[in-house]
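First chain A sits with chain B, and in the next complex the same chain sits with chain C.
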Partner chain A sequence: MSTKKKAAKTSKSARKPKGGAMRSTRAAMSVATSARSTVKERVAAMAEAPLAVCESDKDLQAMLNVLRNKEEPVEVRLAAMDSLATAAFSVIKFESCRNDYIATLREVAQDPDPKIRESALGLLAGEKDGFAQKKLLEGLQNREKALVPPEKALQLLSYDVHAEAYSVARDIVEKPPNADAKREALRLLAADATSAPLFEKLLRDKDELREIRQISASALHGLNPGKLQRHAREMLLDNSEYDDIQATCLTALTQFGDDEAVGKDEALLKSVDRFSAGKTSSKYKQSARRFLSKYGR
Partner chain B sequence: MNVELQINNSISPSARFVTWAPSPCRIRVTNPSGATAPIVNVQITGVSVASGGAVVFRGNTTGAFSNSLTVPVPINGTSVPFFVAGRFGRPSVNNGDVRIEARNGTTLVGSVSVMVRVRKNAEALTPGERDRFVAAFAQLNNQGAGRFADFRSMHTNVSSPQAHGAPGFLPWHRAYLLDLERELQAIDPSVALPYWRFDQPAPKLFTLDFFGVSGPNGTIQFSNTNPLQFWVTDGVQGINRGPRNNWNPATQPGPTVITEAQTLLLGTQYPAFSGMEGNPHGTAHTRWNGFIRQIGTAAKDPLFFLLHCNVDRLWAKWQRQNGRFDPAHAASFDSNPGNPIGHNLVDTMWPWNGITGGTRPPTAPGGAMASSPCVSAPGPQPRVRSSLDYQGSVNALSREGFDYDDVRFA
Partner chain C sequence: MQNVATASVQSEPQFAALVDALAADPNRREQLTELLREDHLLYDQRGSATTVRMRGWVLLALARAGVSDAALLFVLEELDTGVDAYLVAAAARALRSYPSPNAAFAPFVMRALTNIRYHDELVSFEGYGEYAISSTGTSPVRELLATLAWLGPHARGALREVESLRAQRGGLSKKLLIDVDRAVEAIRDADQVDEPGTDTCCTLPSGLSNTFSWALSSRRGSEPIESTVFEDHEGASITFKEFFRGHPSIVVFFYTRCDNALKCSLTVTKLARVQKLLEARGLADQIHTAAITYDPAFDLPARIRGYGQNRGVRMDDRHRMLRTTDGVNALRRHFKLGVNFIESLVNRHRIEAYILDAEGRIAACFERMHWDEQQVVDRTIEVLQEKSDETTSEVSPGPADCPARHKTKTVSPIFGTLASLGVAFFPKCPICWAGYLSVFSIAGLNQIPYSPWLQPMLVAVMLINLASVWLRGRLTGRMSGFYLVSAGAFAIVLLNMGLGWENAAVWGVALTLAGSLMSALSGKNASQVVE
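Here is the complex of A and B:
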């Protein structure tokens, strides 16, 4: 058989069979790493048998090379990263590859393509990787060195919060480059015990964005649940408070409140009764009725 | 005359939950006044509320189920056994929405309310079921310091070899889900773990009122009435989860995730089927950015448990399709002599066995498997083999007390 005919036969056998059946992992790997296949074919093949990359060092290196290769289409490189991340779930088989995998992720974390950078940094952050954490912090302190936008850097740093990140996050809350960055900075600061007063202030600030106040309620629940309960009660008694924030307060009291104290709190129960009868949305009314029924009203 | 109905052989109301697998029950006369013979015939039937669950009965461990059962019961107080099961396709919606009635002639002599509690597609939950489930989950996590913290500590990079990359992957996660579900049921006994069909769009699951909607930065947003808005893990507020590559999980199935039909065709022998650890399991994880994308952080996202519930359902469905419940049947498992510790049928599973050090992780968070008021299996220290016969179809004592809405008992 001529070489040309042999290649054609290989390609045909590697093609995805019809009828839902799966092709062999060998055939899928062949398509996945072949520049002769289309982008769509390669992406599909990479997803089909992700554990195949663990079957031999050659296969792993081939997949890592696809990920590293800046000449490859970005979709294919991202699919290679997904395939490797999926294989990483199969720890025992993947263990021998792990060092090469992490080294490659660190390399492509500084790739010219922003999607590749962000995806690689996401995986490294999940591994609590010191290299990635350093790069993310550097980028927040010096925007010229930023590999990802500040909101993404803060989000990824929150996987393994270190004290250095708190001061950067506080600065961003003070002077946020955008609304997303402020939200992510606050989510990260929820792990900082000294930030409870900040969350109390934001929660009670009616001029603050509703989502920021919702995050503050949640953060305060984690840091000092007793304080959240007190604020939630006061905010439910406040007729000038916004309905949606009152709904958050009601949820906090319903789920995490001191049942005995709440059940005896006539002022609170009356206020929730008014809330349920007011001009608020049907969903909030339902939530209020559920609260009242919990206490026999 | 009065009779006592014992569901799951217990008088406790906390044991009044059934699945498709038959629950052993007993009936006995507690007040014989009015009886004229030493043995009375009592007819047992199930009465369902609209849209509620339905039950069926049989008198023995084998045989067909029927909608009612007549049991001869001695008036001297001796118990008589019978079996009750949920009628396939008619799960409950609320706790106690099926009443089992016992009648002597036309006279009602006893009744108990039960729930046909099975794991359902998250898309099929009523708003009430959804709200009870998220409330229980939020309470289990409470401030990130509740009992849920143990479940996160059980699924880490360090402990991963106990649970991944070898034949014990499916049994370990079955035990893990069961342990979590029992903890949720300790908070609210009417909840069962739902599953996320990652090969289908999930327009109800990915909403503000259920498991949230991904914001532009991949942070999940919840409605003001959703208790999951208070989700905190490791001190950090919220959940990171963003679909990759412009995928919309509410309108599209997971991209490149193989379908249920393809999964069930992976092979009729366990070694072939367990390749599903890669695709669909791993692929369903890595369609996302955020916590769920990696082993060490996946359990910080409650969606992880719904994803795994579907993985487990697929295994259950494959077991039913191919008759693979019996650990003694070679095709039911991969008993390769080279399997690592924790991946052999006879091995106890970490962390429930409490063993640390050596080939096991350095700590064993969470203690023993949570017990159930309904069943005794798998016991405090489950073995790999315990997970296979979860319906008790090989040995009735192996029944673990859960079922899936679309996987029959027999």
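Here is the complex of A and C:
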């Protein structure tokens, strides 16, 4: 046998599936796009398909058709979307498929199925897609047009600081449709420099949910770290403040505080020392230990 | 009739209607260019995606109405630095409505192709604000390939690159290969132009420039912003007057949340390279540099410091990253910054770099397209030399954005050459002087007395010219002018005056003139277009 033939045989056998444990990506594509296979088989095949999905226009169109087809089971369509998204991660290999992929995502972003809509909008939002941003904003301004719940829309809009969502997010903080939407609106506003006063107010409001106050502390650290340190100090000196919020303040001062100023702040050091010795939560004690050890106590 | 300069349309459909009306009216088409200015009131408080839709619609209107020289810079800017599929596709289409193809466009088209090919997506030009949601429509890559086909043989310099697009395995979509073939065929088609390849490959059409200079006498004072307060990368406060007065400065604008790597990130990286060039010339102490953020509310000292550090920027007392803490609007007005905002966040900006003179006045600006680091350094050195050099300036009208573009004529080379001429042909004795006077009498100059003291004075002026050319050569790194002037002086002083070779005088004057002009022009190149 010639060397050439040997090499060809070796190569062919290497691609051959062994005992059904492996199959070629071509075979996986075939199963994934076949309506005759079971849902479970197709979903499993979709997970193997990304390597082949952009190899030929026929395969790509077959996969996009599965995604578009409202008659297909939702699990299969979602698996097709995942498979395409995984393939798109290889930007250079996916070059020839990208424009059909994005156009299809825009199409299914308005699908009757909410899971399909949410996933498609999520992928488009990750691309900072203008179409997705427009639809998400329209849904926040007019609930009848909403393609996803407000909290999801806000989360997706927060992927792009330039998405012109600050104004609508502020409105939602003012009149939240639900607690989740308020939380996501605040997370989005954490990148808005003009919202620092809002976060100061929420941070000091003892009637607010702990989570909201913690988000506010984190946002304030990003927008105006000096102000957070001032508030953190005052809150640590406040006997009526909650333990877990004080723990957050201690962490902020330990990690980001002005070492020189904090190290000389006897009132603050004494207060932390005293509280950590009393009946406080373990979380607070842990934060206090780190704080005090940093400043030599 | 609505005035575009002050138009205040509320909604996007109103804006689209305004653009359509301008495009349809031959007498108002030029006003479309005004709508491409980033700082236009119409873009105030619009988000980035809205701004993209609006600018894209203007570019498409230009594609229908025709791109003028004034609009061309905006179209090329989008190709040079654009990363949005819709805008790049619209700009590529608009370029094809320029009156004639030009080889200078090909590098812009190829650069756009490189920038956008991995972000290619379908776009719809059917109606305002439409997005492609099916496989119909066009795409930036398709539009760029069509523009290459329009350029035809003028894009010959890009032929190999275009051909390689076809050869790449797994590269462009098969659907686009027909567009590639069409472009290659058109580029190879020698019948489309009379003399393919004769037009200059890298110069823009006349009248188009991304660089503007202001003559010394026409510069606007910096008084309105002298009290503007900045905070630097270390958190130290400093006013405009304190940092920018007393020495020339190079200023660039950026913001850390800019998501176009071809703009802010590249600008700040280039500033770092400028600093290295200044260091290499020993000028880092004489010329200050500053990168000022457009987004001072978010770009706190730690952020701008990190941004600069990551891009290799030197940061010390003379070279700072700055955020405005007071007087941001005055700063915007003074520099006429090409930027607009939604709340405090930038929605769109152009590339802009400025050279300030020792009084803090704008001496030159480089805008929209990428600037060359060496060019900026050379021009700043010219500004640094302004105090020592005698200069006269001639001001010519520039584009609407800039009150004047300048042409500088350096006087010292002329004096130097005249001095050389005087020394070379100076009468050696009263009899020679009488001979000259008999010739002068024709021009009525026979009353000039014999002045033997004039010769050493002319030699002194010649030597001053020599020193001046040497200094300029050292600063610009181009010594060829100095060598020519030295050879000229050698010919005049030693060969002509010392050994009495009369022909040496003519050669000496010619060499001095050539060297002086070369020296003067080497610095002047900084104010010319490179792109």
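Quick note on the criterion: the second predicted complex is superposed on the first by the 272 of 297 C-alpha atoms of A that agree within 3 Å, B and C clash if a C-alpha of one lies under 4 Å from a C-alpha of the other, contacts with A are read in each partner's own complex, and residues count from 1 in each chain.
The rule is simple: a contact is a pair of C-beta atoms (placed from the backbone, for glycine too) under 8 Å apart; a residue touches a chain by one contact, two chains touch by 3 or more.
Here the structure is a predicted model, which is why all the values come from computation and not from measurement.
A.B. asks: Quick one: is A:163 in contact with chain B, with chain C, with both, or with neither? Answer first, second, both or neither.
C.D. replies: A:163 contacts chain C only, not chain B.
A.B. asks: Just chain B (first), just chain C (second), both, or neither: which does A:100 touch?
C.D. replies: second
A.B. asks: Of the two partner chains, chain B (first) and chain C (second), which one does A:92 touch, if any: first, second, both, or neither?
C.D. replies: In the superposed model, A:92 contacts both chain B and chain C.
A.B. asks: Looking only at chain A, is it chain B or chain C that touches more of its residues?
C.D. replies: The larger set of chain A residues in touch belongs to B.
A.B. asks: Is A:43 touching anything from chain B or chain C once the two structures are fitted on A? First, second, both or neither.
C.D. replies: first
A.B. asks: Of the partners chain B and chain C, which touch A:214 in the superposed model: first, second, both, neither?
C.D. replies: After superposition on chain A, A:214 lies in contact with chain B alone.
A.B. asks: Which of the two partners, first being chain B and second being chain C, lies in contact with A:194: first, second, both, or neither?
C.D. replies: second
A.B. asks: Between chain B (first) and chain C (second), which does A:51 come into contact with in this model arrangement: first, second, both, or neither?
C.D. replies: After superposing on A, A:51 lies in contact with chain B but is clear of chain C.
A.B. asks: Have a look at where A:225 lands relative to chain B and chain C in the superposition and call it first, second, both or neither.
C.D. replies: both
A.B. asks: One more residue to check, A:128. First (chain B), second (chain C), both or neither?
C.D. replies: After superposition on chain A, A:128 lies in contact with both partners, chain B and chain C.
A.B. asks: For chain A, which residues lie in the overlap of the chain B contacts and the chain C contacts?
C.D. replies: Chain A residues touching both partners: 91-93, 95, 128, 161, 191-192, 225.
A.B. asks: Given the complex with chain C, which residues does chain A contribute to the contact?
C.D. replies: My answer: residues 54, 57, 91-93, 95-100, 102-103, 106-107, 128, 130-131, 133-134, 160-164, 166-167, 191-194, 223-225.
A.B. asks: Using the touch rule from the top, collect the residues of chain A that touch chain B in their complex.
C.D. replies: Checking each residue of chain A against chain B gives 20-22, 43-44, 47-52, 75, 78, 82, 85-95, 119, 122-123, 126-128, 151-152, 155, 158-159, 161, 180, 183-184, 186-188, 190-192, 211, 214-215, 217-219, 221-222, 225, 244-245, 247-248, 250-252, 254-256, 283-284, 286-287.
A.B. asks: What residues of chain B sit close enough to touch chain A in their complex?
C.D. replies: Touch residues, chain B against chain A: 135, 138-139, 142-144, 157, 160-161, 164-166, 215-219, 221, 223-227, 229-232, 234-238, 240, 244-245, 255-259, 261-262, 265-266, 275, 277-279, 281-283, 285-287, 289-291, 293-297, 340.
A.B. asks: In their complex, what parts of chain C are in touch with chain A?
C.D. replies: Where chain C meets chain A, its residues are 46-50, 52-53, 86, 117-122, 129, 131-135, 137, 139, 170-176, 257, 259, 295, 297-298, 300, 302, 342-347.
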